[in-house]
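Take a look at these structures.
Next, two complexes with chain A in common: one pairs it with chain B, the other with chain C.
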Partner chain A sequence: MTVIFGIAAVLAFLGALGVVLSQRTLYSALSLVLNMVSLAVLFLLLDAQFLAAVQIIVYAGAVMVLFVFIIALLSPGAEERVRPLELRMLLGGVAAVVFTVVIGRLTLNGITVGPGGRFHGGIGPFAPTVVNAHGQVQTVGEQLFTTYLLPFEVTSLLLLVAAVGAVYLSKRRRLVA
Partner chain B sequence: MSSAASSVLLAVIVTLVKGILIVVVLATGFAYMTFAERKISARIQLRYGPNRVGPFGLLQPAADGVKLFLKEKAAPDGRDNFLYLLAPALAAAAALFAFSAIPINQTICIGGTNGAGPLSAACPGGYPLHWDLADLNVGLLFILAITSLGIYSIFLGGWASNSKYSLLGALRSSAQLISYEMAVSFALIGPVLLAGSLNLETVVNQQHSLWFVFLQPMGFLLYFTGALAETNRLPFDLPEAESELVAGYHTEYSGMRFGLFFMAEYINMITVCSIATVMFLGGWMAPFFFLPNWLGPIWFGAKVGLLIFILMWVRWTFPRLRYDRLMQFGWKVLLPLGLVNLLVTSFFVALH
Partner chain C sequence: MTGLFPGFLILSAGLFSVGAVGVLVRRNPLVVFMSIELMLNAANLALITFARYTQTMAGQVFALFVIAVAASEVVVGLALITGVYRSGRRLDLDELSEMSE
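Our next item is the complex of A and B:
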């Protein structure tokens, strides 16, 4: 388990680095795919098979395919390097540090030191044993339509707006032409 | 050795053996499917087909394999070398990987008492031998996820070749796969609703009295039609329409690099037919009640073989669709029908 975690974590990290550092856009997109698939492996190690499958189907299988599709169609040239220490790079760096600290602090909240000085995740209401006994899809579905109904509906509204916007944009171009 | 370590070792060995078996069986299946395809097409066109190598031409696949390995690996100038070499490997890996969640027989309990009734997967005190590589809680989603990754191999292969035929084939293929994936997934939700599970073994076990094809005839037809498109078969083989695009996304590949794409295509056919068997045709269950159920893998193989034969029959019987008609058919016929099927099924499941 630890070995697989190590490999997946390193690959996820390399993928994330590749997105930022790669000079060619298509390779950036493919690095993001590597990152997403590695995250799916991490989900699998946490016994979250449903999340792992959805992560691959939605992100790697649907969203990124469209990204790669568009990038290859437009075939942009190599990226231009921005000058170092430009203001936006500085702001970006500050934002990255702030988010890392916030997320790290939140993650540490759930971690306790167990016997033998080993780190353990806290056991919440959705531990793997509980979720597996009830069924992974069933648990996610029930939570989505009860506890998290409002965010769910807001997300669907967002998708509706995006769809309407896409239709409007494509129609307008046709009218102009 | 402690019992925990030995059980881990046993699991590793069993998994390795299963993995090697899957690769060997699928590769052999691929070789003889190319042979079957040539023989069936010959029958339909009133020819003999390959009949020179070995009795009835049965050794033809071996000769083809030798030819593919020995051929010069010509590669186009101006290619993206890394992606050009990655694409065929990715295609074959995704095709082989997708099969790992398909159960070809009931779980067999070795050395323990079987759980209550044929539907129970419990095996206290013994070793449960699963007839798939990974007995996943969400097996169906896993297969869909892996096959959706297969799009990358086709697209990257076509793009990295730096050839207009390859690129056009790759673009067509990606658009087609994304469109038909929706219809295929909707068609598969019907049996999932009836079985109440995404675990493929549970889905098969739920069909012990009646196969889902009788409850979901519409779903089965939709799935099979969508599957023709997903595997790039005629009448939906626009990505490699030879009269327009030479050979589509693998135009610039030769030798075993082409062989890997070819293998992925045929193994995808096996996978697609296996999913149809598991979801609609009762998996390993005997086709008639008086036949013994313990021949599970044989029944499974027979059903998959029948479906593959129909795939080939269709290919050599129907003409190719025009590309815009293909997209319209996917979005305006298959998808709405799938939604209606889903609505009716959910209605009856809710009533039940």
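Our next item is the complex of A and C:
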């Protein structure tokens, strides 16, 4: 388990660095695919099988295909020269380290260590054994359609608005100079 | 397994920071959008980690909503980028600043 976590974590981080540091936009997109697939593996380790599948289908499938399509459509002139030793890159690296320390320290406050060095937070009714016995997808679906019904419906409204907005924005029309 | 929760959270913080720096440093709007995806993914990882830690479902359901928001954000953002490209301007965020003037 620890070995899988280590490999997936290193790959996810390398993918993230590749997105930011790649010279070519297409390489950034491919690094993002690596990052997302590694994150799906991590979701599996966290007993979130449904979200791992959604991650692969929606992100690595739909979103990245859209990205690569747009990159292929716009590629001339869309390239940007990035020198890794540029001042903004160095400052960005320092900022990334500082952000990581601060955010990591703050999120670690959410985890309490009990006696014997064991992490104990499991107070909810959805222990992994219970969830897996009932079916992971079934449990998420039941929650989605009972407790979280209103946010779920609002999400469908959001997707509708996004689709209408995309159609409107990409409609060919005279642009105001 | 349970001993890995800090690892997951620190990885999530690292991915979020790299994405935030990408948004701040890069000038290509496509790369900036990918960095935003990176940040949303890092937030998802933290959400699912805490869902597993507290043994509740709220984090997983919320991560699903985050994925939906990210998908719609990408659709609208890429439509905007193609609109900018079609208007004949270079895709460089430092040059696309006339909106603020």
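Heads up, the rule we're going with is that the second predicted complex is superposed on the first by the 121 of 177 C-alpha atoms of A that agree within 3 Å, B and C clash if a C-alpha of one lies under 4 Å from a C-alpha of the other, contacts with A are read in each partner's own complex, and residues count from 1 in each chain.
Convention: a contact is a pair of C-beta atoms (placed from the backbone, for glycine too) under 8 Å apart; a residue touches a chain by one contact, two chains touch by 3 or more.
A quick note: this is a predicted structure, and the numbers were derived from the prediction, not measured.
A simple residue count on chain A separates chain B from chain C, and the partner touching more is C.
Once the two complexes are laid over each other on the shared chain, residue contacts for A:127 go to chain C alone; chain B is not touched. By the touch criterion defined above, A:96 reaches chain C but does not reach chain B. Contact with neither chain B nor chain C is seen for A:7 once the two complexes are overlaid on the shared chain.
Using the contact criterion defined above for the overlaid structures, shared-chain residue A:53 touches chain B, although it does not reach chain C. In the superposed pair of complexes, A:72 makes contact with chain B only, with no contact to chain C. When the two structures are aligned on the shared chain, A:157 is found in touch with neither chain B nor chain C. In the superposition on chain A, A:39 makes contact with chain C only, not with chain B.
Applying the stated contact rule after C-alpha superposition, one finds that A:62 touches each of chain B and chain C.
Under the contact criterion defined above, the residues of chain A that touch both chain B in one complex and chain C in the other are 50, 54, 62, 66, 73. Chain A contributes residues 1-2, 5, 9, 12-13, 16-17, 19-20, 22, 25, 28-29, 32, 35-36, 39, 42-43, 45-48, 50-51, 54-55, 58-59, 62-63, 66-67, 70-71, 73-74, 77-80, 82, 88-89, 91-93, 95-97, 99-100, 103-104, 107-108, 110-111, 118-119, 121-128, 139-140, 143-144, 147-148, 151, 155, 158-159, 161-163, 165-166, 169-170, 175 to its touches with chain C in the complex.
Residue ranges of chain C in contact with chain A, taken from their complex: 1-22, 24-28, 30-31, 33-35, 37-38, 41, 44-46, 48-57, 60-61, 63-65, 67-76, 78-83, 85-87, 90-92.
Interface of chain B with chain A (complex): residues 83, 136-138, 141-142, 144-146, 148-149, 151-152, 155-156, 159, 167, 170-171, 174-175, 178, 181, 197-198. Interface residues of chain A, counted against chain B in their complex, comprise 26, 30, 33, 37, 40, 49-50, 52-54, 56-57, 60-62, 65-66, 68-69, 72-73, 132, 135-137.
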